[in-house]
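Look for chain A in each of the two complexes below; its partner is chain B in the first and chain C in the second.
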Partner chain A sequence: MTTTTDTSAGVGAPEAPRSTALAKRPSVTASAANYIDERTSISGLVKELGRKIFPDHWSFMLGEVALYSFIVILLTGTFLTFFFQASQTPVVYDGTYLPLKGINMSAAMNSTLHISFDIRGGLLMRQVHHWAALLFVASIGLHMLRIFFTGAFRKPRELNWMIGFILFILAMAEGFTGYSLPDDLLSGNGLRIIDGLIKGLPIVGTWISYLLFGGEFPGTEIVGRLYTLHILLLPAILVAALGVHLVLLVINKHTQFAGPGKTNDNVVGVPIMPVFAAKAGGFFFIVFGVIMLMASLFTINPIWTYGPYDPSPISAGTQPDWYIGFADGALRLVPSDWGFMIGDYTFSLNIVAPVLVLGLFIVAVAAYPFIEGWITGDKREHHIADRPRNAPTRTAIGAAGVTFYAVLWAAASSDLIATHFLLSIEGVIRTLQITLILGPIVAYQITKRVCLALMKKDREIALHGFESGRIVRLPGGEYIEVHEQLSDYERWRLVSFQDYKPLMIRPNAQGRISTLERARGAMSSWFFEDRISPVTNTELEQAHGAGHGAVETGSADGHEIGTGH
Partner chain B sequence: MAKSASQDPLTKGRVRKQGRRSPLASIALILIGLVATGGVYALFTTSANASTTAASSALTTEGSKLFQANCATCHGMNLEGTKVAPSLIGVGAASVDFQVSTGRMPAAASGPQEEQKPSQFTAQQTQALYTFVASKAPGPGIPSKEYLGGNDNAAQGALLFRTNCAMCHNVAGAGGALTEGKFAPALTGVKAKTIYEAMETGPQNMPVFNDKNLTPMQKADVITYLKYLDNNPSPGGLDLGNLGPVSEGLFLWIFGLGTIVGVTIWLTAKAN
Partner chain C sequence: MAQHGDSNTASGTAVKVSRAPESPGTGVVQSDIPQNPGFPPHNPRMTDLDPNKEKRAERQVAILFFLSIIGSIFALAAYIAYPIIPGDFGSIRTNNLLLGLGITLGLLGIGLGAVHWAKQLMREDESVELRHGTRGTPETREKAVEVFELGNAESGFGRRTLIRNSMIGALVLTPVPAIALFRDLAPMADPVKLLQHTMWKKGTRLTHDPTGIPIKASDVTLGSAFHVIPEGLLQRTDMLEQKAKAAVLLMRLLPQDLHVTKGRETWNYNGIIAYSKICTHVGCPVALYEQDTHHLLCPCHQSQFDITHEAKVIFGPARRPLPQLPITVDSEGYLVAQSDFHEPVGPDFWERET
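== the complex of A and B ==
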């Protein structure tokens, strides 16, 4: 497989011989392309896109998975709009599903059942739409984690991180509004929780709720309004943001992992045209296929068992779709007696506290690139993706964040954990409450230690090679283990990362150091105090020049490693 | 633990039942039945009557013995109850049949709640036990077969199930958690008679649904719905345990995203 280098200086690519051949005897396609080009000058764009380089690490394809599942969602969603009626007019069900015959329900529920049982392929389309929605948000989540842990959000890509983050929020909003459309019991309960959440906000809550639902919950307006959001407003913003996201991606180019010939100033990989495009096309069908497979074999959102929404019943095991789970979990974990009284007024914190905590968490995620940039004071451009171990503090923060999120997420299924592992629900909740606080701290510490240990190991290997397991007896009778040296290519991967030091805080023009700067200095030394510097050339030469790199005698000759402690 | 004794389900149900079947059909059925069995039955009537009472008193004695041997330590010699177990006076045959045939009684080592086990008694011994307990004081009897057919109104049953049972047992009858380690069990594959008796007697943390709450016909509808769920797999494909979004989410992450990540690794590995 040939790889190509795309210089960010934008040096024109050498003319491919094939295109000259084409120019001699224009085929139909060529003249059609010519026709379009003469009127739109699109060829520049095509050339640019066609020469866009795509690195060859699997984690770089997660964004594509999101893109493809979104396409699947658009296709199936459009199908659903042909038959879905966004109205809460009461009707009596008279379709083919026996256990609902003669039951009162809204037109929305009725039409969704109609799609499921009486429209050819309707149920499949609903299931494809819903599975694809779950996959969409999941792949965005994983994609974000990849960006985070490789530091691909650093300058110049902070903006694109923000846009990606907005896409993530929009995807969740799309999912939630869609989930509420069929007006079944489960989605109604979900809306009821949102209603409760809004009403729990002090003072403004009740007003907002009435505004949103057009009166007292559930009212007769909400499905229509959500529908407008779900198929018009949110998708429009989503598509626009997605466009900007992709354009910025082309402008900034991909990051790549360090490797021979891969520098901060180029991108090494496969150009999009033709091989990568073919692969990507194939990959689209694979993603489509996996979604299809799930949708045709596995039920999702069986609204026919949930029945129509009615404010009185509620089912055990009522949960939102997975991507809203963390919010549900937060509500389940907040201690039920949080609140206080001032005079005659009760101030309950049951809603406000989780909303604040989640809000803070979400803002922290959105602003992370800027926070880290400020702490490190790093204004350089970065095009080489960090190996997560080489940024121990960031990776540890990420692990803590993932743990926090995961605990909230698990809490949303506390009742199922209790029944399936034969535990008491109180015990599960209590354990999760403790884990929510301790878990991230533990995860932080462990991750950081593991990263540092891995860096140390890399350093050892780069300097002294790896233990070959081959024991040799020297003529003098001494036993040694032979150390095998890395090839230069392999070593490159281990040694090429940037070194950081805590910021030096300097007094400003007035000769004073502001509190903010002081805090920044403290954060910066927290960020970088534990670190292991990359192997320098001098060290390498020394290690190998001295000749002891090839063999290491039994005694441990500890090399000084630049840890801060 | 005196659970409210209900109206006799038989009489009440008959009244309801009339409107549901064409009277002509009933007459025809009765005629056929009479013609087919009348002659033979007439021959044995007298002896049958005598043997029924004899059999029933034999049953009561057998039940009494079984009770003394297996239950009296907890429930007391005269069903009066002890510190560890409630009185069984007036619980009725339905309660005993439910508890014993699902293996909940005799109770085992204490957990948060008595759980189902394979029943320790044969059908005949069970019958002896409930006949004995019912002979001491009246209570809800064994449900009549006419409510157990599972061919009544599934839609009404589903509606009733959602309003009365789903908060504990989950809409699809997949079960759910209660406080302190107690739980409402899954209702898949539970026998019609057991469902009826559970509603009628309200075991442990389940409320009693007496015949005023849910008439016998309504109970029959609920049974019909649960049987419908048993006999009709989800139209959408495998149901992932009917646990709703949690199992869907887990499945998506593990199977869906797992497969796709596998594919990406494979695709990019080939590129080198």
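== the complex of A and C ==
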């Protein structure tokens, strides 16, 4: 590491590099660093960021997985563009794959087969690209769940949540446009569904579909247009949003979980140079390696078994890529005969309803940080990530949302569920329809109760320690179980969290209570009525002073605690 | 934006607010919190304590990096040694597998090596950095406000409302031509008209999909189902677009099983009936025919249609029956269409019944 020292010496004294050079004969690295700094003043950046601290936790790697799989997608995608022809010009297949020889198909499908069967490593790159795309969307989803359940979207990170949300939508759009490019039977049927969906939109649907497909479905334009979106427009927006996402991450600094020594005003972790750089850089290669391993061993999207697109045939049990499943499931769950006429015009509620439901769900996800911020009115910055149990209502809302999504997702496989478990398709659909409504409610209630119970248990353990299983007979003949006390470090994890009270609505200056304020009050009591306060110092001292006899969970407002012991 | 005159007071207020602590809202500010115990004592790793362990970890990292080198060389060798042999599907698989495994080793060796290095050998005690509020300092914010004030004052943006408003109007209108440019994404035609008709005409023969061989009524046995396209479709340049509207399913049932509504009595021929194959939900081919129940099932979203009741929807998200194609036979005994469909086929659209 002597070179680094040389570098900093060279950089630190740019006025007299020659004398230093003569004295020390600087290494190549030092001269290079000096050359660059004299033209970019990059040393300032290195000074600012080089020893920046990153907290460590396994769940912080989910976003990294997303970032790295995106890089893999860019690398392999670029390779694929060198061979792929985004054209629907009809050709007759004359490649190495015998079963399709002599079959009419588009140039897009033909070139995809060419990549798969004639280019060495072409199939590998295609499969890496597809697996990485699946992993990309999955890791963004998990990353969002991590952010949500730990409250890491709170001030000052609401905007970055929004940008991350946009990235998630872009990732799905990238996935869908890419999936449609090979122009095989499966992707063509996917496009057919999109076409039907668009046509069902009131007023504008017919024209949007007509313009998008460049005429009647399927037309000869759509693959080329999706290709432009897939490799130019969407990635450009994605890269830009990703850049802002990461810059804001650096500006806001990463959140950390509560722990001894950690506060809202510090960041505890490892410096970028060298530990974080080594871990994160190494992790990139691990992610890349794992995707490569999957692509070597497992086939994905074998278009040659589907054949080229034709509007007439279809195979049973068709499935979209996993991340589109929730939208497909929403389409399947609509009951028969939803729709009506407005004068001479057709209003297809069987299309509009699922589109609206999905739209509202997505908007609710995007807006959640702002809604919670409005309810709490909390303008402080929060850098300590919550344990999910310590925000019971939020965690329960999250669980309800996950359940809702999961039911829609399961509905996309309703036919496979029916055939696999020998059920009737009608039974599966009706069950899922009911579960879509009741499931989130049940999940909400259970999660909230579990969170509150866990908080109570934490409180009990913080105050009185945990049961050691050791029974002791006192001189008087009394038996007690010895409680083992936590160390201060362990206890801190259990007692340091944010507490909120329900909002007391008060009249404003004019002596009136506005409707908005009333709504906020109602939301606030929904959120914070059932609450368990963190242990206070006084309680802690009392508990320890009183010994093990006086077991009381102590004071807390709200009716939760009252039912405790 | 504040008026030019009272800019100083405005910026003054902003600065004052920035100094006040941020409101906790309904958050409880606890004064009686337990003490943060500070950092726990640092536990050194085995590699910190035992030089032999350290040496071993160093060797392990180097071995992982060497494995990576071997993997990359192996991948290169596999690329050359296992080419794709035309017609040999196994050679593609071998090429994919060995090339992939080589690259995998090349990547994982570096990744695991670097992480192992970081975890075992690099300094591991945690460092601390202080956070500062995200907002700028009062001085910075004051300066920023001043920049805007100066910009406003020097340009007269707030004062010269005529200029400002006309500029906003101009800016709003400039993208309009760009929107118009998108009209020619599709040819000059009315999509509503196109969607209302298919290739079927009076006398068009029903032919096999995909061969295009005409179907004789006598070939259609009881209980059978045929995938059908109109005669002449395969010669069209817009074959796929036409097929996406004209695809038909042909079935033969016992005439007494059919519940025929008024006006459609002549649409079937001795129990041979033809229905559009394009689902009225979102347009997938309704390709699954259940012979026992006479139900058609769409494999995409599981809409079900009852053929004995003129393809009415009995389950699933579709809301309209499949349109029926009126058929008869020509002088040679081939099945032909009596006319086009009497309504648009495929998914709903806004202007469908206009």
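Everything that follows uses one rule, which is that the second predicted complex is superposed on the first by the 517 of 565 C-alpha atoms of A that agree within 3 Å, B and C clash if a C-alpha of one lies under 4 Å from a C-alpha of the other, contacts with A are read in each partner's own complex, and residues count from 1 in each chain.
Basically, a residue touches a chain if its C-beta (ideal position, glycine included) is under 8 Å from a C-beta of that chain, and two chains touch if they have at least 3 such contacts.
All values derive from a computational prediction rather than experimental measurement.
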{"item": "Partner chain(s) touched by A:Val247 [first = chain B, second = chain C, both, neither]", "value": "neither"}
{"item": "Partner chain(s) touched by A:Asp321 [first = chain B, second = chain C, both, neither]", "value": "first"}
{"item": "Touched partner set for A:Trp131, first chain B, second chain C, both or neither", "value": "first"}
{"item": "Which partner reaches more residues of chain A (counting touched residues only), chain B or chain C", "value": "C"}
{"item": "Which superposed partner A:Pro156 touches (first chain B, second chain C, both, neither)", "value": "second"}
{"item": "Partner chain(s) touched by A:Ser312 [first = chain B, second = chain C, both, neither]", "value": "both"}
{"item": "First, second, both or neither for A:Ala30, with chain B first and chain C second", "value": "neither"}
{"item": "Which superposed partner A:Phe283 touches (first chain B, second chain C, both, neither)", "value": "both"}
{"item": "Touching partner for A:Ser413 - first (chain B), second (chain C), both, neither", "value": "first"}
{"item": "Chain B versus chain C as contact partner of A:Ile42, first or second or both or neither", "value": "neither"}
{"item": "Chain C-contacting residues of chain A that also contact chain B", "value": "97-98, 116-117, 123, 127, 270, 279, 283, 286-287, 290, 296-297, 310, 312-318, 414-415, 425-426"}
{"item": "Contact footprint of chain A on chain C as seen in their complex", "value": "22-28, 30, 32-40, 79, 83-84, 86-87, 89, 92, 95-97, 99-101, 103-108, 110-119, 122-124, 126-131, 133-134, 182-183, 185-187, 189, 191-192, 194-195, 209-210, 227, 229, 238, 240-241, 243-245, 247, 277-279, 281-285, 287-288, 297, 299-303, 313-319, 346-354"}
{"item": "Complex interface listing, chain B residues touching chain A", "value": "112, 154-155, 157-159, 162-163, 166-172, 174-181, 183-184, 225, 228-229, 234-240, 242-246, 248-253, 255-257, 259-261, 263-265, 267-272"}
{"item": "Contacting residues of chain A [partner chain B, same complex]", "value": "1, 56-62, 65, 97-103, 116-117, 123, 127, 131, 134-135, 138-139, 142, 185-186, 270, 279, 283, 286-287, 290-291, 294, 296-302, 304-307, 310, 312-322, 325, 412-416, 418-419, 422-427"}
